[in-house]
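The following block contains the structure, expressed as structure tokens.
Chain lettering (A, B, C and D) follows the sequence in which the chains are written, and residue indices restart at 1 in each chain.
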Amino acid sequence: MCGIVGIYNNPEAGKLAYLCLYALQHRGQESGGITTSTGTELHTHKAMGMVNDIFHEKELAALTGPHAIGQVRYSTAGTSELKNAQPFVIDFIGGNAAPTSLALGCGPLPPKPLVLGGSESRLARLVDFAQGPLAVVHNGNLTNALALRKQLEKEGAVFQSTMDTEVIMHLAARSSRRTLEEKITDALSQVTGAYCLVFLSKDKMIAARDPKGFRPLVLGRKDETYVAASETCALDLIDAQFVRDVEPGEIVIWDKQGQRSLKPFAGEKQKGHCIFEYVYFARPDSHIFGRDVYEIRKGFGRQLAKEHPAVADMVIPVPDSGMPAAIGYAEESGLPFQMGLIRNHYVGRTFIEPEDAIRHFGVKIKLNPVRELLQGKRVVVVDDSIVRGTTCMKIVKMLRERGGAKEVHVRISSPPIAWPCFYGINTPTRKELIAAHQSVEEIR
Amino acid sequence: MCGIVGIYNNPEAGKLAYLCLYALQHRGQESGGITTSTGTELHTHKAMGMVNDIFHEKELAALTGPHAIGQVRYSTAGTSELKNAQPFVIDFIGGNAAPTSLALGCGPLPPKPLVLGGSESRLARLVDFAQGPLAVVHNGNLTNALALRKQLEKEGAVFQSTMDTEVIMHLAARSSRRTLEEKITDALSQVTGAYCLVFLSKDKMIAARDPKGFRPLVLGRKDETYVAASETCALDLIDAQFVRDVEPGEIVIWDKQGQRSLKPFAGEKQKGHCIFEYVYFARPDSHIFGRDVYEIRKGFGRQLAKEHPAVADMVIPVPDSGMPAAIGYAEESGLPFQMGLIRNHYVGRTFIEPEDAIRHFGVKIKLNPVRELLQGKRVVVVDDSIVRGTTCMKIVKMLRERGGAKEVHVRISSPPIAWPCFYGINTPTRKELIAAHQSVEEIR
Amino acid sequence: MCGIVGIYNNPEAGKLAYLCLYALQHRGQESGGITTSTGTELHTHKAMGMVNDIFHEKELAALTGPHAIGQVRYSTAGTSELKNAQPFVIDFIGGNAAPTSLALGCGPLPPKPLVLGGSESRLARLVDFAQGPLAVVHNGNLTNALALRKQLEKEGAVFQSTMDTEVIMHLAARSSRRTLEEKITDALSQVTGAYCLVFLSKDKMIAARDPKGFRPLVLGRKDETYVAASETCALDLIDAQFVRDVEPGEIVIWDKQGQRSLKPFAGEKQKGHCIFEYVYFARPDSHIFGRDVYEIRKGFGRQLAKEHPAVADMVIPVPDSGMPAAIGYAEESGLPFQMGLIRNHYVGRTFIEPEDAIRHFGVKIKLNPVRELLQGKRVVVVDDSIVRGTTCMKIVKMLRERGGAKEVHVRISSPPIAWPCFYGINTPTRKELIAAHQSVEEIR
Amino acid sequence: MCGIVGIYNNPEAGKLAYLCLYALQHRGQESGGITTSTGTELHTHKAMGMVNDIFHEKELAALTGPHAIGQVRYSTAGTSELKNAQPFVIDFIGGNAAPTSLALGCGPLPPKPLVLGGSESRLARLVDFAQGPLAVVHNGNLTNALALRKQLEKEGAVFQSTMDTEVIMHLAARSSRRTLEEKITDALSQVTGAYCLVFLSKDKMIAARDPKGFRPLVLGRKDETYVAASETCALDLIDAQFVRDVEPGEIVIWDKQGQRSLKPFAGEKQKGHCIFEYVYFARPDSHIFGRDVYEIRKGFGRQLAKEHPAVADMVIPVPDSGMPAAIGYAEESGLPFQMGLIRNHYVGRTFIEPEDAIRHFGVKIKLNPVRELLQGKRVVVVDDSIVRGTTCMKIVKMLRERGGAKEVHVRISSPPIAWPCFYGINTPTRKELIAAHQSVEEIR
């Protein structure tokens, strides 16, 4: 999971992108980055860590220019490396580039480039696809990236990262089509899987969404500034108005002519919106796939109350993600809603778990029960999902032992997760998924 | 406001203190520090920033010994300096110290200390009060510190910080009483104001609370380990059992003889518990001044619903601190509780507000309304307090303009704040307090 | 200018490379990096700054494996960017790679790579050139890099740096030859200019030097460990024995079969050893191009004394680079050698020149005269070269005004520098070179 | 050993102090710091590390005001802690201080200081010695600090560092004398040992040197700016003129009345200039104790040649400190001077010695012989001193084995070091000193 953003035509594009990444931070805390275009060159800053840590006044001041794209990236164990941080940027000198734009070796520039010995004729069909560099941000997961990459490597392509996104750049660079949007269309016609992309060249920004629409990508506008972002909460923060979703299979282009749209891929009838966006990825205040996430989640809770009522004294959420479903459950069931578990929001990524006397912190460092409230009571606790089942078990234990609850009724607002997902979520293997091996009754 | 902790007799005292500071992080994010005692020497690590940033494996590994004290400190503009971070530690060589414990100047140690020329007789009444260094952590605010300090300076005392805590250390060092607890009692008999203190010498830990009991300080136990902490949520995290509050005016001593208690100050009849602990300082899952904070806050909300009912479609909190009162209001009023404002918990202390196009972020970077929920509705919004009134005004505006609410009814769960506090809260001046100049109706 | 090193077959290859970079630090202080091979994968660490700052215990511990290459890179204003730091590494999955080696997008790996739709036949002639990634370090400057790069870009190659070195990697990747050494030979046959290169794949190390032998590259051996390095001082530090120079036009390969050599390029009769290696690049204790640098430089000084004698009281060097020539001058002339200028070696790259009262520090922060020695004396001052002439003028002024010298006779041990160099030295433009516009007499 | 500086009356005092610390960096690389006075308050920045690493534009910009003092401090194993970095600063509120200058506890200031209960009469003789804080830098070592400190602790003094310098501050604070200079004189009359001190209050700078004049302290002037510094090389860098030494036992005061001098201590007949300043502490371009260090060292070499001639082919120094003596030896003996050992100046404090294959780097990482020069030759190698003898042995071995020298004649320009020093040099114990146990012949 990642969060992406693009800003076209604003004197403070870099800063707006930075704000949007703040709003999208929940979609990825591993790394972040922004590339801006001044019209003549691109500036990039990216690093490991959270938006907070990556961008300070100095970095923001250097991100000049009226266009910007940015990404926050999800942390997946083992592959956290700077070379995989985005925006992914390729350098391109092109036919008319001034020699000074190339810093050669560890020395200076040659006085005048020598004539190239190779035959020009074989290349006649190729045209410079971009006068300058190209950057891209990507949310999603290609399913044929490995096969495409092996093919490209056989043809002599040089890869520098392990991201599937790099494959798209090679395909575009090798396309014999003429314009940047055509080359990108050509490249995307060869890939399968999930992608929301925003490209930035010196003078164009291009957004694309895969034909099934796996991930959200919304369009916004703020006066003469165009915005593309993973969720509407990013638009809200910069006071941009939500316009519409980028449609599945659509390519949107912004340049001096304004905004225009291509729909090169025959729209697939069957959409593939990722249900986990509604379950827990997206922020509850976002509007994606046509609905407010909060209302969807509350609806899950109401339905859950209908399907699985409980005789109890109160309904409590596992904060923060279980909150709307718990409110829905409380509404439908008529039971009082309470905050029986308090979350410590100061616990960050670098928490060090002491290894000796105090083991197995698990959920304790984040959640703590309110005893006076729970003591001797029958409690319905609502969470959004069960993956491995270990956290859930600890919460039940905590509610009983430390909270003093007499009965604990667990209610989960998503169906059992029995299969991993191949379109962009770093899910555990089947072996690790408790619902792959046990029935709901067994899990209970 | 600060959070303090003391751990006596645990092989992992430093790590337990670290965990407790995590649980108390809401009481101060400016700086943090821990001092441990090995029985023969003290080790201290303190720095600006949050617990997360200050302690890593290396720092924790160096904090050896069975006893520890720690503090997290509140950020107040302008006085944020490392020299004011706590624990405050004084070095003490004492009569029997080996010469090697003194690193002289920028060179080595003298071979043998020369005889002191001064008269010993005048000093006959003085006794070494501690064989070694002494550390202290402090939550509170002395009201006569300035006068005491001027007096001490006149007598030749050398101060190195601007903390009132340093005054207490000087008073103890100058006391003619014999034991450490007597010297501390002597010192505390001279100060007025609010204090919860935990001292740590090589072999003793001593906790003290002022006679009016302004700030909370609780005692816990985990097997043979004794714990003192600002709130019970710190005990919960390390699986310690809550025992009781340190009583106002009580001094608790832990040493090889175990725990014992002194009550040197005639207990004042009139207690001075800080109401803001209940209103918003303490964590809702803590139990202080004899009650669970969550239940107290919910009670505020219920009472508010009785005193100030509203004809509306829903009750929403200003998260996170308005949450329990909003639940109480909803319960009492029978109106549905909803999360109409979503808080972005990733916004940290280093957020940079862009200065040009996008001004006046105010509350927007932290809160965002849920439109589908609020659109066209009559909304009761519950917050814990109004200080300057500026945030509240922005929230109302946000609920109307971005959220589309038809009516917004503001309900505040604490009385109007019309006066600054002199006992430890960094409140604004009267001039800045909106309730100092306007009636509730005018504020409305 | 850069310094490069390769270590083949030593359990501590990474640490030996680190030590060699220390010895070669004078060849580049902008950035540094090391790549090691474990036989199955490459590990790289590179960063801006000096060896001292880049490698600590943690970084060295991670650089495991029996083979290593490394580089220190020269600082040239404006192009100092991490993306240009070396080793330059390309990732290569190859036909047999396990799917897990590819981290796709911001999500996980696809379950099974789909079949590639494209025609395989057109690629039949291409063969996987490397089973895995390839790293390279480069000292030198290609003169046809820009033309080659434009051609490669036209063919769809994706560039991510502005280094000419990247061109070589693309040429090798596109070569239809079979083995790695053949592909590299193929690539080098297309480039012109100056290069000393060391490549590292999972199981091979390959060194190459251009046919004119512009830059030094020496071979050493320490038991069963093979070493390639820019200068012999790197061999000395790790107790390796100097064996011989890599010959101009030679390619040396190390793999499981041991060391072997190719000479694919008809050796050019006319060599092009860079005279500035002898004048000031190389360390005086190094042995390059067949001679000890110290003796060469001293010879320059002796010759200078013959050609340009002076009636004076002493000979002093501009430390450190003018030292050997000044000793030679003193020997030949019979005048006493003295250290009339003392150099402050603590002045680093980050010195901040105060901007107001104390301007124009120039040379003063580094050099200071010894007054008691120089007062009223006739002084011959020997330096290695004059580039812009500004430093020299300041030194003369300093010797007169602060040192009190009666006469100052400047002697320069290299001929006038009247033209920039296109083979790897970041020289100023002709306009900046004082000897391009003025005769020796005019400069005087 | 430390380097200290004071600047009085210059709009860029902080920056001048920074430059002087650069020039004095050889006197201490452990920590550095500067305090400036604006006339109303002091600003301090100090940290572990070298000047280069401690001061950047931001830190220098904050060091405002027309007066400054600074220190660089020598690294001695084990006692390297920030709390011992200088300037040592004490805070002082004084009788007229505005209440706002005291940040109390972790809260705000009390509204009005309460009346102090204690008796004022006993304190009648005491007078505020300073209206505000006081900072000090110290080069030297007190021999009675431990005894004084124990006494002060008995009287209730609170110490926060392990520096002997802190004792002086307490003595001054407790003095019943009226003015700052009187209080300092009073304090200094009680201490014995070596000290050069520069104090800075809001409006006065005061320098002091012990009666025996152990350490150097020079006075300089640059227009209306007064400078005090450990060595003249600091004056040179900022274009200040050397005026004279601070005399042993002298106290120099700068305030609005200009410069004046006190000589409170009956000048001791017998001076105690530290011979190691001439042997290797001071920079060769400095003028201290009345002579240029370079000339003194060269004289040592000449004398050495007379006392211990050798039949040899050349004289080489151990760079850098053996350089002047080697030149003197060569002059007197008529043997040619050569740079037979080259020093790598890039080796910093953080060099990591690989622990396994390549052990015992010792001197090799810093020095390397020039083989073509030394091969088969008889070499006189001149160094300044022998402490433990281990380095010397390695150098001789290196000259023979790697350099190929036929004969190696070691000449040391200082007498055998047979006793530790108690006045400020961190010398090894007698047990470690080779000359404490062996005769010159045995060492040979």
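Please note the rule applied: contacts are C-beta pairs under 8 Å (C-beta built on N, C-alpha and C of every residue); 3 or more make two chains touch, one makes a residue touch a chain.
Note that the structure is predicted; figures quoted are calculated from it, not measured.
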Work out which chains are contact partners of both chain C and chain D. none
Determine, using the mean of C-alpha atoms as each chain's centre, which chain is farthest from chain C. B
Taking each chain's centre as its mean C-alpha position, how far apart are chain A and chain B in Å? 38
Where the CA atoms of chain B average out and where those of chain D average out, how many Å apart are those spots? 42
Separation of mean Cα positions, chain C and chain B [Å, integer]: 56
Among all residues of chain A, which ones touch two or more of the remaining chains? none
Touching pairs among all chains present in the structure: A-B, A-C, B-D, C-D
Can you name the residues of chain B that touch chain A in the complex? 10-12, 15-16, 18-19, 22-23, 25-26, 29, 50-53, 55-57, 60, 233, 236-239, 283-285, 287, 291-292, 294-295, 320, 323-324, 327, 330-331, 336-339, 342, 344-348, 350-352, 354, 356-358, 364-365, 368-373, 402
Chain A-touching residues of chain C, taken from the complex the two chains share: 1-2, 28, 73-74, 76, 78-79, 84, 86, 89-95, 97, 99, 101-111, 113-118, 123, 126, 128, 138-151, 153-166, 169-170, 173-175, 190, 192-195, 420, 422-427
